[in-house]
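Have a look at these structures, which come just after this line.
Shared between the two complexes below is chain A, which pairs with chain B and chain C, respectively.
What follows is the complex of A and B.
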């Protein structure tokens, strides 16, 4: 274990910034703490437990350009027909191909496509263990599943990112990481874990990437007292996280209660916005749009969420999740049923942002308590009402 | 227990017991006593969860708007403050809510406190807020506590409120609170914004909207934002507002919202309070209210007989002079 003195923090971040972009929680003029690109002299905010948003945005960008496209006009077009257009018009017969090329030139335009995938090296500093774990949970989706769904955009950024997590000293009453197999000092996903001790941070290397990051930082070894202090901080924090619900059997209960009227009751005060999903370190749904102005366009990926009316809207006009309670149910079922079934993990790391940021305080712990376990007892004594939704 | 709280429980209980409503929407305590959240009460014996205090900020008329009532033909009881009643009046002006299906309990209001302002006074989590006269006491999880004068932490729109008593209610939870004799609107912080140079305004708006995450909490919390699934900001065909999340598109999205609710929005601040990244959206709507007032002498939601400003005209409207 190494030691980083509080008064060395700026120099340390400056050192990291020499190699890559540094992202850290920073308090704005309005008092709102968000992960922002750090620049020398900027104070890192670690007293406020959680930034308003997770650090997800820096790997799964809220808006991301896949590619740019446009029509090259006459003259330019002629020069590009051979390379670009030939690839597009996959015609076997040379005569047909020539005719197609001629037609393209006659039309004075040819489609030019430029792929984009910017992934500068970056260090995300000061995120909490729940946020770090969120990346691991998203990795399954974007990089896993036998590589079939390997997502070059997510992974380029993920591979260029080093995560320096900080142990939670004072978990909030809405934190429930320990109920979802995590903890305030858990290292899953983190490359380095810092723990605030007297006068600075106890520094633990978790991964090889973390080791590389610290290799040139020239940190002193932590003293015995600092090691012990760090252990105490971790234990105290762990004890402060309240048990929220029993994970045992949640998946089966969700499946069994899919048509239960409880979903309707629980979703009554939901206003059907997407806040919970956008502040969540694990929610990863996205949409793809072509946006074009005057012949030049971009294909962009933007975050989407299951509360969006067009989320599962089919071209026929049918929407299997056409009302609020169905959309509401999806969020919890996805995190604790569909995803676990596929990846043998959870899609929730217990940060509690969905609770604290929800305009009407929908509480995922309450939902899982009611639908995930207690509900069976209720249903066992009263006949199940199917749906209850108009 | 405040008299108003007791009366709300009594009226809600009676409406449910006499089967005049299917459910009653009021406020209840949230995760802890530092917050109030919307409560949906179905049975008369559950009315004791209802609370009324300066944390009861939600504008519950948002749950009446199109597609929100569930089931669609539900008979709903609802509590409204002065500002909430103005959004209800705006909905009624356009027949967007069926008067016959709602039972409205009006709650005279002394102002709502801005919990976020209290929160920022502590690094630790605020877990309890209590009231004693005009003193508000906030306590954190570690046990630190601090007193505030209520007037210092009420919302800007409460400080400048001219209509604390509901305009429209079937029953009142208390006698009306004193109202200002002069109803000329006070614009609060808007005048500070107007005094800025165009470049400063640009910078301020860009700064505010840079952090928008387009979660649409603002429009969903808004009672008079009624397009719901057909919102132009979400529409991909036609693609009138870009899907890209950047300062320019974010501002465009909010401008669309501002113009669509103009004449119906009394700037109740529901959008502002719902925003997870604390963008001062209320100021945009306040500014629009000021324009409408200065230009047409119009105030949204103060009379059932009027139409929203953008849906009617008078021959002496001063267009052309502005």
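What follows is the complex of A and C.
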């Protein structure tokens, strides 16, 4: 274990920034803490436990152009593309215009399509273990796990990213990482784990990538007292995260309760805003759109959210999840049933952002507590699925 | 059958890296072709067939001859057909698997992408990502009777499979095709229909919903005609595709005729974007229509939430 003194932090980040981009939680002028590109002199905000959004944006961009395309003119007509005043005047002469049009007919427009995949080396510094684990959970989806497709855009950024996580010394009441097999000092996904101790950070290398990152940084070995202190911090933090629900059997119960009226009741106050999906460290669903301006176009993928009715709306007007409770059910079932069935893992790392930021105070722990456990026969009646609920 | 089978098998429970991919590890057919499953191959429209007043078939050929030569797909697989600047949509590949000159897609004019496709002329460029998804298990059906029940544009999803079983006619028992449309004008693939009706080795029943001037064939809804035909379930596979309401009543009819869930197949469509099981929207419970389907047996569908 190494030791990074508090007063060395700026120099350490500066050192990292020499090799790659550094992203860290920074408080903006509006008081909001977000992961932002770090530059020397910027203060890293670690007193606020969680940045408002996870750091997923730096690997799975909120909006990302992944193809560019356009038509390039080849042949005779290329010479005719002349925007000058003289050319326009000339084209007012019918004979000239006819000649230009004829040339245009023989023009050979070539469609050019090029992938765009920009992935600079980056260090995400100061994210919490739940956020680091969120990347691992998305890795399964984008990394071809189980024989599925390999996503070159996500993976280019992911493989260029080093994660330096920080132990949560003071978990919040909305944290439930320990209920989903994580913890405030868990290392899954992290390349390096820092733990705040007196005067600085105890530094643990977790992966080879982490080893490489620290190799050139001149850090002293941690003293015995610092090692012990870090252990105490971790244990204390672990004990402070409340058990939220029992994960055992959740998948089976979600399956059994699929038609249960509880979904209707729990989703009543949901306003389908999708905030929970945007702040989530592992909600990854996206939309694809084309944009074209003056013959040059882009194909773009953008974060999407499954609460939006248009997410599944078909051209015919048919919508497989036309009522709110079905869309609501989809998100929780995806995280604790559908995804686990495909990837042998969970799609939730227990950060609790969805609880903190929900405008109607929907609490994932309550939803799983109710729908992820055995329901009584009385409650298990199928709700009426019509009646203006959508 | 082809490389796509390992998708369904869910083999190799591990995450790939770029190093694996560079070393030749591929998980799915589109990845093999392009190295980037999001990158469409440029293709040229070589022929357009007006099937009905609102359905056109497009025959497209990849500009890259190597891609065209390498093309192999299973009957029932789909592709993403798109126009750069507008977008992509999923369509069944309805040309025969043995057709090496082109891929055929049939498109009903309905929304943004399909309307733009209907504006295409021969020679225009499109983007194609194909093949995708899992086809029908035609190998496993060898020796069985095959009953196709389809309505309207649903024929597009079954056409390649019909071609396959007719091209391998000796491998299958009785082949029956029940095909219905609203009016005779709405019957797709009239060139196929004529062929089916003259062939002696299959039974083809063509029906339209109501009387139509000049129509001397059968009149009646597909589920009703199915009931009248009363096919025997013994050693038979029933495959249906059409409008959701037709599928619903056909499935009920098949059940009444004692067809089991294991004998009954359909192929689904959903709003799709990536087509490769990542973007998230075409799921029915834990299954993605794009990679786990679009072909499902009723036995598989019974396990899923009612989100058809």
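Annotations
Assume the second predicted complex is superposed on the first by the 336 of 390 C-alpha atoms of A that agree within 3 Å, B and C clash if a C-alpha of one lies under 4 Å from a C-alpha of the other, contacts with A are read in each partner's own complex, and residues count from 1 in each chain.
Convention: contacts are C-beta pairs under 8 Å (C-beta built on N, C-alpha and C of every residue); 3 or more make two chains touch, one makes a residue touch a chain.
Being a predicted model, the structure only gives us computed values, none of them experimental.
Bringing the complexes onto one copy of chain A puts chain B beside chain C with no clash. Using the contact criterion defined above for the overlaid structures, shared-chain residue A:156 touches chain C, although it does not reach chain B. When the two complexes are overlaid on their common chain A, residue A:273 makes contact with chain B while staying clear of chain C.
In the superposition on chain A, A:142 makes contact with chain C only, while chain B stays out of contact range.
Contact with chain B, but none with chain C, is seen for A:62 once the two complexes are overlaid on the shared chain. In the superposition on chain A, contact is made by A:309 with chain B only, not with chain C.
Using the contact criterion defined above for the overlaid structures, shared-chain residue A:289 touches chain B and also reaches chain C. In the superposition on chain A, contact of A:357 is made with chain B only, not with chain C. Put simply, the nearest alpha carbons of chain B and chain C end up 6 Å apart when the two models share chain A. Annotation: chain A residues 287, 289 touch chain B in one complex and chain C in the other.
Looking at the complex, you find that chain B touches chain A at residues 23, 30-32, 35, 37-40, 58, 62-63, 70-73, 120, 123-125, 127, 141-142, 207, 211, 213-221, 228-229, 234, 236, 239, 242-246, 273-274, 276-278, 280.
Chain A makes touch with chain B in their complex at residues 28-32, 34, 47-49, 52-53, 62-63, 170, 172-174, 264-265, 268-269, 271-275, 277-279, 287, 289, 291, 300, 302-303, 305, 308-310, 323-325, 355, 357, 359-361, 363, 389-390. On chain A, the positions that touch chain C within their shared complex are 66-67, 69, 111, 113, 115, 139-153, 155-156, 159, 258-259, 284-290, 292, 297, 299, 301, 304, 306, 311-316, 318, 320-321, 326, 329-330, 333-334, 337-339, 341-342, 344.
Chain C meets chain A in the complex at residues 6-7, 9-18, 21, 26-28, 30-31, 35-40, 42, 84-88, 110-111, 114, 125, 127, 244, 269-271, 273-274, 276-286, 291, 305-308.
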